[in-house]
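The same chain A turns up in both complexes below, where it pairs with chain B and then with chain C.
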Partner chain A sequence: MKALLKIGGACLLAAAAGTTLFPFYWLVTLSLKREVDQFAIPPIWIRFHPTLAHYYDIFWVRPFGLYFLNSVIAASVSTLLALAIGTLAAYSLARFPRPEVSFWILSTRMFPPIVSIIPLFLMLRWANLLDSVLALAVLYTAFNLPFVVWMMRGFFEELPRDLEEAAMMDGETRLGALWRVVLPLVRAGLAATAAFCLVIAWNEFLFALVVAQTDAAMTLPVGIASRVTQYEIKWGAMSAAGVVAMLPVFLFGAAMQKYLVRGLSLGAVKG
Partner chain B sequence: MTKASEAKGNRRRPRKYSGRLWLAPALIVLGALSIYPLLFAVQVSFRTPSGYGFGNFSRLINDRLFLISLFQTLVYTAGALAVEFGIGLGLALLANRQFRGRGLLRSVLLIPMLLPPVVVAVIWRLILNPEFGVLNGTLRLLGIDTAPLTWAAAENTALPSVMLVDIWEWTPFLFLLLLAGLQSLPVEPFEAATVDGASKWQILRHLTLPMLKPVIAIAVLLRGMDLLRVFDQVFILTQGGPGFATETVTLYIYRTAFRFYNFGYAVVMSFVLLIATTVIARSFLRLLGRQPASA
Partner chain C sequence: MRQEASSLEACRPGLPASGEQGFVNIQIEKLGKRYGATHALRDFSLDIGDGEFLVLLGPSGCGKTTCLRTVAGLEQPDEGRILLGGRDVTWLEPRERDMAMVFQSYALYPHLNVYENIAFPLRVRGQADNEIERQVEQAAERLGLAGLLKRRPRELSGGQRQRVALARAIVRRPNAFLFDEPLSNLDAKLRVEMRAELKRLQHELGVTSIYVTHDQAEAMTLGRRLAVLKDGVLVQAGEPEEVYLRPACLFVAGFLGSPSMNFLPGRVDGAARRFVTNGISIGLSPEQLERLPDGAPVTLGVRPENVELSRQPRQGWLAGRVYVSESMGNENLVVVEAGGHRISCRTIAEMRLDFEAPVWLLFRSGRLHFFDTPSGKSLWP
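Now for the complex of A and B:
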């Protein structure tokens, strides 16, 4: 009976893994199938003639290369800014604790995006900054900042103060001690925080949709969305674009494994 | 501030303050891009097509479509959250022991929620298409009549279908948080209960769940907050349709603001969402302040 339960449990977990993986398999195969094979009845699961035509299509016929570049700029610029500003604030809050300020910072993260984006849209329109990837990157900075502050504050609090105080005794400034002594010690946490910021900015849709007015400022999600809400949809190209949009995320995923639970819970659960 | 750092600060004055000022850039950015927009939004909320006034607020009460979208959002949130929590807890309990491939399982389950929601929605639009999707195609092969399985394409099945996609994408979130919570529980109470002859069900009911409560609360609050603002998947999967069947609050506000350019009314509706979220967020912050759930 006990063995039976164990096998049943293992089967359930395997089923969960299979259900999770199948959609990816399907997206990747669709992006490699010729159009006649994509929606064949009955479906073609394994044996098909692979083609790279859809990838050629999105990069050389459609401007997905530009969207990709825009996504890279928005995600990397905002991550760098949020890390720089957020790490300083986090260190400050870890060493000179002010719980009410910490909670206030976290609470700005809880605003539903639709609440902020309407006034932000009007502000950007007034300043003539709509349709700009850099403007989008600045919005993402504000969006990711509370997250960086909370994650890094947690990492700093776990470090003993003696280390940087010893460095300061030796004549380092506080900034020098932070840069040369403290930050190297929280490297892994910093990398995980950066990976989270990159993923959040890379995946973000609503802000990007509102800011982009033309191809020039579209990120990958917006570029895909603008084509799957049309009347006639090129599913081959869209699945290829989907594969391209999800690839970087796998790289970031590796960096955040160790602090995954902590990041997902905004630092509340230290997994 | 502790005594030690105070003593230090007094000895070398400049240092005492340099670290505190580092908070300033973050506060300026958040002030300009989070707080100021909110105050500005209050002003916008009084803008109506016929000048400034309370028109947007009175319109809210009579807007049946808004109430429907609010109701559908609540159904979506409650339904998806209940299923995600149930499956997530079940899987976490199953996985809460050493076995080969547990690390791999964790990595696999991590993938859906890291993906761009837009891509997730594209995948599922392809899979769920009633005529040429792989799901109905496979079911037909098995001899199942797929005529009633209209998924996101018909009014009566659209909302559950969109919820299904959410469940696929976000059950792992609850799974991972609850598993982390389970693994951080102390062993002794469980050993004691087993020695005392408690049944598995009794242990779960009276020991595991009560001890897991802080983590459960945090996971459910965070997920609930995100569900209330759902936008991306619905936008791609159904655009709120067919008809009005999957219209959510955020989608309705988006349309009001950026399709019909009625910013004042959109802001007023977004405040309703903000109030609902604030109630949840405050409980989250209170929970966090009371006890650092160092699970």
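Now for the complex of A and C:
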């Protein structure tokens, strides 16, 4: 009975892992297959002629390098800005609570983003920021801010006030106490929040599509989608770009894994 | 990190060097603090002399911690002001007052090891590394932490954490030490040990200290002076023995001493020259009669150690029965039911008493207290 349960459990896990991992396998292999092999029936699972032609295509024929750079700039700048501003806001809301302000901040995330597209478009045009990565960074910052504030406020509330008060008694200013005592203690929370912000900004499509009008401001998601043209769908190029788009987030996630688990479970159990 | 400390220092001209002021007394003037509708502190005034060890005593919620935090600068008062060495510091930041505080939770920085915890106040002040090392080692030596400097706070026992918190306070020479119930998280044995050490430490350093506690034993043993608070109001301040022997009101009389003072509400019968309560009457001296209003409701107070107990009937003693007797090893605490009152008294350990055993009590006449029942104010002594 016990053995049966064990086998059943393993099968279940294998099935779950298979469903999760298969798309990745398909994406990676597709990006390495020649076009004739891509949709061969029966499918060629392993023994195909690998080619880097699609990677060559996206980086040397198409400006995916630029898209990649744009994505990196928009995502990292917006993440840093949102963290810097949001953490300060979250700290003050945690220590000097104003429920109505907190709720208002959260409420800005409650409407569907598409609602704000037209006013934002007009504002950006007026500010002469259309078709610029800066505009994307600013927009992503604005959209990640409420999230950062709510996440970080929770982490700060968990932290006993005594610690920062001790730091202030020891001669720190409040900001000094935040920097030297409070922030090091919420590292895990910061990492988890940063990861979320980065992923959200990295994958964002709607705003990028509206803001980017030329290659100058095009990010990876929009760039990949643009491989679907009127006459053909560039499966190979799209897969290669998909792999390239996946990699940084994957690496970041792996590096932050230790913090992510702690950050996500922080606050789950009082201790 | 080091670089940062010194650059921070450069933009902080207001931060005084430790121990800059020579004579540091603390004057608290008419301090008031409200939280919503509740008064945490009301018209609280107290002078704490240079080098004095003052204990603020009171039940939880009496405002003693609020008072300490206001002196520290962690809270702002609604009224009144605080002078430090004659300088008004009411609206200054904690760091500008340069006081050291030991928290009930110890508030050690969990991400720093013991050395860095103790060094923290010195780093903030941008002191040189070798100077920091010397001072940290000195403080650690003094508190027996020399072998623990590399450990993180979570790897320490409660007593060791307490020592680290103390070391962090004494590593510099602050204007004052503020203690917020620092011993209440320790077990009983360690608490008594640390209490004695703390007293010695304060004596050696001679730094003005305010110590907050709800433990009357700590208050009695530690303080050179004692201030008792109730509902945000200072009810009595004085030397511990003075407060113990001449409590200003029923509250102080009941709060100090364990087990607490016996109270018998009754009235003075001037014609009979006696204090009477149901079932009990006690003769009064001419001096007492002069001070106690005839016929008015008066409460008699007598401490357990001032009640004598006899197993044999004696002339003029009060007859009663043992309600419960507890052996403490070195003495017995006996509660006797007499005249509808329960009266606790201390006896020698050898006296074994059963439930309901008949006993006779005598209140030592020189050690009686009388209070005005409605106001609780002391009438005698």
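Here, the second predicted complex is superposed on the first by the 238 of 271 C-alpha atoms of A that agree within 3 Å, B and C clash if a C-alpha of one lies under 4 Å from a C-alpha of the other, contacts with A are read in each partner's own complex, and residues count from 1 in each chain.
Following the convention adopted for this analysis, contacts are C-beta pairs under 8 Å (C-beta built on N, C-alpha and C of every residue); 3 or more make two chains touch, one makes a residue touch a chain.
Computed from a predicted structure; not experimentally measured.
Undergrad: For A:L93 in the superposed arrangement: first (chain B), second (chain C), both or neither?
TA: First partner only.
Undergrad: Could you look at A:T173 and tell me whether it touches chain B, chain C, both or neither (first, second, both, neither)?
TA: A:T173: touches chain B and chain C.
Undergrad: On the A-aligned overlay, A:L69 touches which partner chain: chain B = first, chain C = second, or both, or neither?
TA: Neither: A:L69 stays clear of chain B and chain C.
Undergrad: For A:L80 in the superposed arrangement: first (chain B), second (chain C), both or neither?
TA: Neither partner.
Undergrad: Applying the document's definition of touch, where does A:L220 land relative to chain B and chain C: first, second, both, or neither?
TA: First partner only.
Undergrad: Which partner, once the models are overlaid, touches more of chain A's residues, chain C or chain B?
TA: Of chain B and chain C, more residues of chain A lie in contact with B.
Undergrad: Mind working out whether A:A255 is in touch with chain B, chain C, both or neither, as first, second, both or neither?
TA: Neither partner.
Undergrad: Please work out whether A:E165 is in contact with chain B alone, chain C alone, both, or neither, and reply first, second, both or neither.
TA: Touch partners of A:E165: chain B and chain C.
Undergrad: Please work out whether A:L106 is in contact with chain B alone, chain C alone, both, or neither, and reply first, second, both or neither.
TA: first
Undergrad: Does any part of chain A touch chain B in one structure and chain C in the other, and if so which residues?
TA: On chain A, the residues that contact chain B in one structure and chain C in the other are 165, 168, 173.
Undergrad: Provide the residue numbers of chain A that touch chain B in the complex, in ascending order.
TA: 9-10, 12-13, 16-17, 19-21, 23-24, 26-27, 30, 39, 41-43, 85-86, 88-89, 91-93, 95-99, 101, 103, 105-108, 110-116, 118-123, 138-139, 141-142, 145-146, 149, 161, 165, 168, 173-175, 199, 202-203, 205-206, 210, 220-221, 224-225, 228-229, 235, 238-239, 242, 245-246, 249-250, 252-253, 257, 260-261, 264-266, 268-271
Undergrad: Provide the residue numbers of chain B that touch chain A in the complex, in ascending order.
TA: Touch residues, chain B against chain A: 1, 4-5, 8, 15, 18-23, 25-27, 29-30, 32-35, 37-38, 40-41, 44, 87, 90-91, 94-95, 99, 105, 107-112, 114-120, 122-127, 129, 132, 134, 137-138, 140-141, 168, 172-173, 176-177, 180-181, 183-184, 215, 218-219, 222, 225, 228-229, 231-232, 235-236, 239, 250, 253-254, 257-258, 263, 266-267, 270-271, 273-274, 277-278, 281, 284-285, 287-289, 292-295.
Undergrad: Along chain A, where are the residues that touch chain C in the complex?
TA: 160, 162-163, 165-173, 176, 181, 184-185
Undergrad: Going by the contact rule at the top, pick out the chain C residues touching chain A in the complex.
TA: 8, 12, 15, 72-74, 93-95, 98-101, 103-105, 107-111, 120-121, 124-125, 168, 178
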